[in-house]
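Multiple structures are listed underneath, in structure tokens.
Next come two complexes, and both contain chain A; in the first it sits with chain B, in the second with chain C.
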Partner chain A sequence: MAAQLVLSGIGQGSIYALVALGMTILFRVTTIVNFAHGELFMAGAFVIYALLRWGVPYPLAMLGAIVFLFALGNAVERGLMRPLAGAPHISLAMMTVALSYLLRGAVRFVWGGNVRSLPPLFSFAPVEVSGVIIDAEDLVIILSAAALLAVFFVLMRYSQLGKYAQAVTDSARGAALVGINVPAFHCLMWGVAAVVAAVASILVAPETMLYPDMGARVLLRAFAAMTLGGFGSLAGAVVGGLLMGVIEQLAGGYVSTAMIDIASYIVIIAVLLLRPAGLFGRPEVVRV
Partner chain B sequence: MRKFLLFAVPMVWLFAAFAAQAAEPGLTKNSIKIGIFGPLSGPASSFGEAELGIAAVYKDLNAHGGIYGRKIDIVMEDTACNPAKGIAAVKKLLSLDKVFMLHGGSCSDVVMALKPGIAKSGVPYMVATAASTSISKPLAANIFQNVPTTEAMARTEVDFAASKPGPKRVALVSQSDEWGKSGHDPAVDELKSKYHVTPVADVTFERGSIDATPQVLQLKAAKPSFIVTVLYPAPFAIFLRDAAKYGLTTPVIGSQAISIEDTAHQLRNPAEMNRVYVFYPMAAPIESKRMAKWRGIFEKYNPGVRLETSSLLGMGGAEALIAALRKAGPEPTRAKVIAALNGLHRFNTGVMANPVGFSPTDHAGAHGGAMIAYVGKKLVVIRHYAEAPK
Partner chain C sequence: MNGVSPAAKAAQKPAPKAGRVLRWKNAGLFAVLVLLALPPFFVDDYIQFILDLILVYVMVSVGFNIVLGYAGQLAFANAAFFGLGAYAMALCLGRFHWPFAAALVTAAGVGGGAGLLVSLPALRLRAYYLAIVTLAFGELLRWGYVHASSLTHGSAGLAVPAAGVFGLHFATDRARYWLFLVLVALTLWGSANLLRSRFGRSLAAVRDNEAAAAAIGVSPALAKIGAFSWSGSIVALGGAMYALLLGRISPESFGLSQLLLHFSIVMIGGLGSLLGSVLGAVILTAAPELLRDIPGLEEILFGVLLIAVLLFMPKGVAGVLGRFSLLRERLYLS
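Right after this comes the complex of A and B.
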């Protein structure tokens, strides 16, 4: 049972990691905690659902979700966040909270509150290896999280994009002075973060059910993962997500199923008390 | 004297008219105002289809002439399945809209939050589909419940599971909220008191969860002969999917919150439905010929809204309330309607599995139910229960 729980936990954790990764990318560049990221994840799933209903083939529906979410991310930055540039962080956070309710309400208005499902991405039956059941979709989610982490790690560390991100994060004004178009860069990163949410929904939605509130729980887990891994750390988001998944499954399997929901809150409290910067985060140092 | 009479008689008439109006708000010569409230938005908005079905029955009644020349004037309010919003909605219906009576509520926690206030108001109130046992027990003189309570549902589920030959190895999967608990506790009690066993496994699975691996693995290790669930539709479907993934092939019973037709659409392999049973409080599957009348009423007044079990579930209460209004006569009062409901015995709503009935000491009006399941591709009633186990 332990091996099965750990494997399932890695699968679940990869979902949290994918969502946390999108939030981390945006946080690194804009220092905004996007409370609507769960709803971007939900919106991606519903875009696929709608396109499939209109007879669009699955691969094109997935592509459509990516394009739509990129455009949505851009539109959010341009229409909602940019007018608040320079506003206190709480205002920016509240705008994302409002956006989350808006997206949920819009989806509920169009599709109602009923539970829907997507067809599976693959039709492989789960295989059993030494008593452990391995599901193809779980494997794809795990590998995708790893691949996305690798891509963003390379981009952030070795590419011009990463240097821009570092410059904008350190000082938006300084970055602007050296010729970086900061608003355009923010706009791009909102789009990229939304695309990561779309990828997460492509991988996860066929595994679970679609309903307007499907992003809320995943968002909470992603927060816990970011807290555990360290806010702003890409590796931290992924490792934190994986640990969260495994902790939940082991707690549910060996302690009580009632512990599954509590585990993430316990993790947040423990990390904030013992290691506020998280596993991979660095404490903020201010030169005085 | 004549002058006095000329002044006094109209004044007395006016006073009487005002007094009558004050005593019975929401009632005019041409209309009866009914306040309908339910989760029309929010996470549980799918349950709000019950309120749409109730409104459709009243609109259909209006189309057929109303009651004693009065049309039903519907005022609809949204609770979003949120107790605070529910209280605000009902306050508005009673204070601003001044309705004659109330009908609605599909979330048990909302109805429980409203219960003290509505009981105090004395306004006749028919609960839509909220099923918590605590709504009708302890009894409030003006609150009537027309769907099987979660206790009745859970005891019937356990009895169905235990009626199968072989050892009584029943496992429970439930949500830990008010509704889940109100089904879980009677199920455990039924197993203990009637069959002298405890559940072989007793696990929780929360709303919003996207994975049921720990639950399924625990159940698999416990080797149950039947799994009784008290889950909402999304967790139920996810649980069934994960059960299939990990090879847990034990028969599963779903609660009355489940639409078996929807669940069949949500599962990847329709063959998995052949081990799924659902407690069903209505007379026949919604797509059956027997339910055509109710289906027609719902679809006529809610074009484009997808029909599901909850769409028709509240209609039985509307039929009972209409019967009580008729019984109350051409000059109804709230007291007369409550008395008429209390005198409604074995009333066949046409919607519910069994005749409904209330008495001054029992306001849980729906009794028994049915177990439905797919046999092949056909949805059939496997067993009918005239009464829930006591």
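Right after this comes the complex of A and C.
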């Protein structure tokens, strides 16, 4: 049973990893914790839903979600976040809360609060390998997430873009001094973070229910993943997400199914109280 | 006497009308209170319910503002305090059949205790870390309400019987309005005084610069513990009022959306302004009632208001009123 639970945990966990990765990219470069990331995820799912309703074929609808969210991310940075450059944490957090209200309100305004669903993306039969049943959808999610993560690591480590990201993360002012256009870079990173949210919704939406409040659940799981892995660490977000999925499934399988819902809260509280830096994070140094 | 500077002279001169000004101010406040006690005589049942609800949210946002605006702690445990107060009230009245006053005191006490508990991580964690751990605490409690079903009836919700004290029975929204008005007035008066005290100033010092505050002998730990316990008990009182008003409470009332509502009230009213919290509660409780027929419009309004506050009026509605000298209140904000 353990192997089965771990496997489905990894399936769930790769979604958490994707969402946490999107939030971490943004946090590293802009130091903003995006409380609206769950709503970006929700918006991606609803864009696919809307395009499919208009008769757009599935692959194009997915592409549409990516393009739309990239544009949305850019617009958010230009219109809402850039005027707040240098503002305290509480204002930045509040702006992302405002964004989450707007997105939820817009979706509820257009589609109402009813639960909707997408047609399934694939229809493969489950595969059985030595007693462990592998869901084909899970496998696709895991593989796509792994591919996306690989692309990110290569980009971050070896490309010019990755070097810019490191420079801006290290010191925005220093980066500006050597000629990096920091606001434009922030803008790009908002777009990238939103695209990662869109990819997560492309992979997950066909298997889940669509409703305006669907983002909250994912957001809290992503917080747990980031906390467990270490806030601001890309590798930490991924490992934390996978671990979070496995912990949930194991707690659900061996303790009680009710534990699935609170495993992430307990992880958050335990990690922040015992080891705030998480698995891969560096302890925060307060400069006086 | 020639050597004395004008400033020193001004300091020596006794403030001539201080006593009279204070007397007028108190008389004015009393008149406002009397005016506020009148609406139940001429509004209909629906408006009366909204007025009661506004008082509940005034209570809640005043409590939240103490932690968020005065102590500057980005803590999101407010819905947790609110829910604890509501459940404490419901259980004390409906299950243990305690007298009303005892139930009210218990609710405040439970909230204060929870505030104390939440202040402990606040001693170690800052900014987002604190926000996330307190968010998790709130969701954990909500899970508790669902699963401790022998006590709370789980998702089905818990009925709250009407109650009374000193022969007064708070069975109607009109009667409850006067009760709530007294509680809110006492809380506002007490909080305004406490914020002006040495303790209140220590909160602002810790918010503006914790290291500097510690260097001049203010204990950040004591300030935070005090702020959270005080805020927790006020918010829990708000929760108790909410339970009395609705007559039935269920776990989903105390989740993320409740928290975001409190957050928006405090932010839109004005961080670090008690009167701002009052105004924010009035605006954000009344406006959704006008928009409730169109789904989603309420959330869009909240989003737009929050953005407007952030971009154009950083001190909220209270700050705007202050700029036009319509509101005289020291905001103690940098």
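Structural remarks
Assume the second predicted complex is superposed on the first by the 283 of 288 C-alpha atoms of A that agree within 3 Å, B and C clash if a C-alpha of one lies under 4 Å from a C-alpha of the other, contacts with A are read in each partner's own complex, and residues count from 1 in each chain.
The working rule: contacts are C-beta pairs under 8 Å (C-beta built on N, C-alpha and C of every residue); 3 or more make two chains touch, one makes a residue touch a chain.
Since this is a predicted model, take the numbers as computed values, not measurements.
Superimposing the complexes on chain A yields a three-chain arrangement in which chain B and chain C clash. When the two structures are aligned on the shared chain, A:223 is found in touch with chain C, with no touch to chain B. Once the two complexes are laid over each other on the shared chain, residue contacts for A:261 go to chain B and to chain C alike.
In the superposed model, A:130 makes contact with neither chain B nor chain C. Judged by the touch definition given at the top, the superposed model places A:160 against neither chain B nor chain C. Of the two partner chains placed around the shared chain by superposition, chain B and chain C are both touched by A:108.
Within chain A, the residues touching chain B in one complex and chain C in the other are 105, 108, 112-113, 212-213, 216, 258, 261.
By the touch criterion given at the top, residues 39, 41-46, 48, 176, 203-206, 208-211, 213-215, 217-218, 221, 233-234, 237-238, 245-247, 262, 265-266, 268, 305-306, 308 of chain B touch chain A in their complex. Partner chain B is touched in their complex by these residues of chain A: 1, 4-5, 8, 11-12, 15, 105, 108, 112-117, 119-120, 126, 133, 135, 204, 207-209, 211-214, 216-218, 249, 252-253, 256-258, 260-261.
Interface residues of chain C, counted against chain A in their complex, comprise 68, 72, 74, 121, 124-129, 131-133, 135-137, 139-140, 143, 147, 211, 256-257, 260, 263-264, 267, 271, 294-304, 306-307, 310-311, 314. Per the touch definition, chain A reaches chain C in the complex via residues 33, 80, 83-84, 87, 89-91, 93-95, 97-102, 104-110, 112-113, 212-213, 216, 220, 223-224, 227, 231, 258, 261-262, 264-266, 268-269, 272-273, 276, 284, 286, 288.
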